[in-house]
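Paired with subunit B in one complex and with subunit C in the other, subunit A is shared by the two complexes that follow.
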Partner chain A sequence: MSSPQPKSAGFILGFSMVIAVLIAVPFFVDLFYQTFLTEVLVWVLFAVSFDLIFGYTGLLSFGQALFFGLGAYSIAIPVSKFGLGPGPAFLLAIIIPMLFAWFVGYFSVKLSGIHFVIITLIFALIGSTIGETWPSLTGGADGLTVPFSPLQIGPLKIDLTDIKTNYYLVLIVVALCFLLLRRMVQSPLGKVFIAIRENEDRARLIGYNVQRYKLLAFVIAGGLSGIAGGLYGITLKYASANFLHWGVSGHAVVYTIVGGMGTLFGPVLGTGIIMSLEHYLVNYLQGTDLVIGIVLVFMVLVAPKGLVGLLQRKGK
Partner chain B sequence: MAVQEVSKSFGGLLAVNNANLSIKKGELRALIGPNGAGKTTLLNLITGIYPVSQGQILFKNREITRLSPDRISHQGISRTMQITSLFSGLTVFENIWAAVQSRKKFFNPFIRAIKWQDVRTKTYQMLELTGLQDKAELICSELAYGEQRILEMGIALSTDPDLLLLDEPTAGLNTQESIALVKKMRAMLSGQTIILVEHDMGVVMELADRISVLHYGEILAEGSPEEIKNNEKVKKVYLGY
Partner chain C sequence: MISNLAVAILNGVIWGMIMALIALGLNMIFGLLHIINMAHGVLYMLGAVVAWYFIDLTGNFWVALILAPVVVGAIGMAIERGLLRTIEDQPIITIICTFGIMLAVQHLVFMTFGGTPRRINIPIEGRFQLFELQYPLMRVVIAAISIGVMIALWFFLNKTKYGLWMRAVVQDREMAVALGIPVNQVYMWTFALGSALAAFSGVLAAPIVYVDFMMGREILIMAFIIVIVGGMGNLEGSVLAAIIISLIQGVGSLFVPPAMATVFSLAFMIIVLLFRPQGLFGE
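The block that comes next holds the complex of A and B.
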């Protein structure tokens, strides 16, 4: 913000190029890689939503899996058990995780540091325990398969069972969410989040109601995690209690730290690189987590600001 | 601003004991006393960082005793800290911006902050007032220590306070830096109502209209710099002669 020179032109060009490439990709890769790319996009959204609370507001939450899983279930349960259409169910995938995020955040944002980490972890554990022990509703660890009818938007009928169509739907939603988040972090509200991250006490002393804004960031991130979970459910046509496991939050932590927190672009990069690494390593190794762990330790030691920080340093 | 019979205890320790303080508009009141006298605690009580154990604090004829720090800030009280408190990873410009923007009621998430013209203009004005306009692009932790103290004052002033509390602004500065800071403060703070906690008696005598002396949490004496200089009790417990 300090620089009066807006970098919008560069961003618009770069973003348009990436979107153009992503639009073209399905014409050159098979269905397997179209599905893989769709999953990468979903995790990108999950990671950037996590970046809003961790990278921009300074809150390390392990509870995001709860909202991700709720997003998936908010689609899977109404569609599979009550025959709701995918459109209204997708709205539920935003609203329900936001309501839960408000509830969890109400108690959590009163705490800070390690206490905040622990309470969000506890809420995630409660969520996954409920998910696992209530199979009649959630399908437990076996999960629920979701028979999707076509999504009707005005005269447009979208067949969600078609992999390429699903890919484009996910691409549109993720791109819109990314643009929304980018605008938000550059907005006056984003500046409040950043001020809280930098010095909570000073922010309070100049008049910001720190708890209120932390809660707001938490709810927005919860809603976006819910959208990611909803898209994941649509992509896999499936939701399981495993989606609620706190380890899912760990994915977002790794992607964000590796890519560079507080940058939005970092988590995108981190997700792409780590998921690709996992995808190729799984052919040679059983313990891909070990390699990812080594990458994480290496990044924390060598490039604590992530790949984006490293690139910026090289750029200077 | 009036502090009326305010006490604060931490367990068995009575840090502020039945303190009374009344500040007129435009006055620069220095609060002095030995280490542990309760000066910073009193500022923390006024700004809502600590809850008051007993007594009440009035500001502009309104009780603010139980308000949170952010609400007290919106009543018109701002402060600097004993240990410099900045948004350390942000630029000088962004530090001032955060404070200027805090006076707004709604933070639109859909506009670019930089396009908020009145906030931007005020931020540049405040940068000019602090003399840090040439360093606006620097990350504030890269500033010299004295400049960081100035920036913190700039942040406090950017909230348009009616009362400014300065907690040892010259702490950690050498004599020359202190003199430069005092000169700067004079220019920046003219006409401002201030409570100044300060150990450097040169700075206190130079700036204060009136002085209150705290000792073991109690107001020991109050008067003009000349009166305090000649007060026997103050000489004995604080000035040491």
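The block that comes next holds the complex of A and C.
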């Protein structure tokens, strides 16, 4: 509070360096790793959106998968079924998940603690059950393949099927969302979210309408999860009912816990490390859940503040 | 039609008995430790898998029915002692921790037991006439065993010292500590018992369904629905809810697609959570 200036200067320096590296990377790695890195960036956005609702506002939501899947479908269905251009479809990937988040949140924020966890999980389950049993619209578990026409912004023509172009598009969107989130959690609004996490009753007694702020956090997080889902759909040219499954929310839980919740930077770090780990493990263990589960339990028990917490403790 | 209906009703009631056991385990752990055990589904799955190995080894279903819950109960005890103990006062963190346990155990079973579903041979082959159809006797035996376990559990909770301790800790933890009840031990045994109940219902379900490393996933959600509809911490409510919900799903599946029945029961659960968080049968 007393000296925000140097901290913020440090952030700008660090952030610019990371972005500079990320801009340069595609010139040094092959297409396979460009795609991998694109996916990491998408999940980074998903994880930081989860961090807003869980890390900052204290609400463990297993419903984020619903908004992620809706984001992917908001692009996949209009583009493949109705021939909509990718530009307007991307706007839908923000609006539709936010509308659903408002609906789900309206009921969910009335509950707190474990009841909130369960109700968000149920909403996600309803979504994935409907998605699986409505293959004419969603393609079911097999999914929908999406043929993308080039995205036209003014005179600029962006070819989404080009892997490098797709990477830069995702990088720009994720970086902007990250900056927006960072600005938000440092604003008075973010302080209210943190106040609710720390002590809901006290925040209410001070005079804040706690439910309204919770709903606001839920809708923003839902919209950002939707954008992540939309980017995922664009990257894979594909959307499936599996995206809606509540287990997908588990990814965000793992990345956020491992990296450090309530830090924004933590989930970024967690996503990068866990996804790299998965990338190497998947060939040896026919899957990665064993290691991921053990890492999750270990972090919860030994370092509940995540890797960022460990780094800070060492720094002191 | 009448025989189809009779079979659906009987199937519903019998499946309800099995579900009641797993829901009782989940609800006991919740009522006492205030832990939402996301790993409860894999404990049920472990029961069936461990039983499969015992049957493979001894060729006897009844040996497996006794031993598998003991083994899984011990695993549950190890989970509570080794992992959950230090975080038991943080309900949200325990959800994440048990979620991690769920991921790890499920994958471990996949790596060792394999991904192909396996069958357990039915120990009692007999069938009896139900209107025009033949109905397997084994299922009725399964239901009878479940009822036997529930009666035993009732006696344990209401007529023994440990049962009294458990109920005392549920009612007022601090007072129980003050009265010298070993609360830590009560926690440990409750988690072990809850895990054993999940495993027991897994073994009982094994002759009806396939044994598969994913079998706990759907069951976990069903157990949640039952516990919430019946009332969290309300054990009698869980039994009642298990039978009613299984009956509605069994009979309902004759008329509507099963996925639609699932969506309706999930929506119903949301309504219960919002308007009757103490459950349908609570005060």
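Here is the rule we use: the second predicted complex is superposed on the first by the 309 of 316 C-alpha atoms of A that agree within 3 Å, B and C clash if a C-alpha of one lies under 4 Å from a C-alpha of the other, contacts with A are read in each partner's own complex, and residues count from 1 in each chain.
Keep this in mind: a residue touches a chain if its C-beta (ideal position, glycine included) is under 8 Å from a C-beta of that chain, and two chains touch if they have at least 3 such contacts.
For clarity, every value in this text was computed on a predicted model and none was experimentally measured.
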Checklist entry - Between subunit B (first) and subunit C (second), which, if any, makes contact with A:G87: first, second, both or neither? => result neither
Checklist entry - Thinking of the overlay built on chain A, is A:R183 touched by subunit B (first), by subunit C (second), by both, or by neither? => result first
Checklist entry - Just subunit B (first), just subunit C (second), both, or neither: which does A:L205 touch? => result first
Checklist entry - Between subunit B (first) and subunit C (second), which does A:V253 come into contact with in this model arrangement: first, second, both, or neither? => result second
Next on the checklist: For the three-chain arrangement built by superposition, which of subunit B and subunit C touches the greater number of subunit A residues?
Outcome noted: C
Next on the checklist: With both complexes superposed on chain A, which partner does A:V192 reach: first (subunit B), second (subunit C), both or neither?
Outcome noted: first
Checklist outcome for this item: On subunit A, the footprints of subunit B and subunit C overlap at residues none
Next on the checklist: Touching residues of subunit C toward subunit A in the complex: what are they?
Outcome noted: 34, 36, 83, 86-87, 91-93, 95-97, 99-108, 110-111, 221, 224, 228, 257, 259-260, 262-263, 266-267, 269-270, 273-274, 277
Next on the checklist: Quick check: in the complex, which residue numbers of subunit A touch subunit C?
Outcome noted: 60, 107, 110-111, 113-115, 117-119, 121-123, 125-126, 129-130, 132-133, 250, 253-254, 257, 285-290, 292-297, 300-301, 304
Item to check | For the subunit B and subunit A complex, residues of the former touching the latter | outcome: 47, 68-70, 73-74, 78-79, 85-94, 97-99, 101-104, 107-114, 116, 119, 136-137, 155-156, 158-159
Item to check | subunit B contact footprint on subunit A (complex, rising order) | outcome: 1-4, 6, 183-184, 186-192, 194-195, 197-199, 201-210
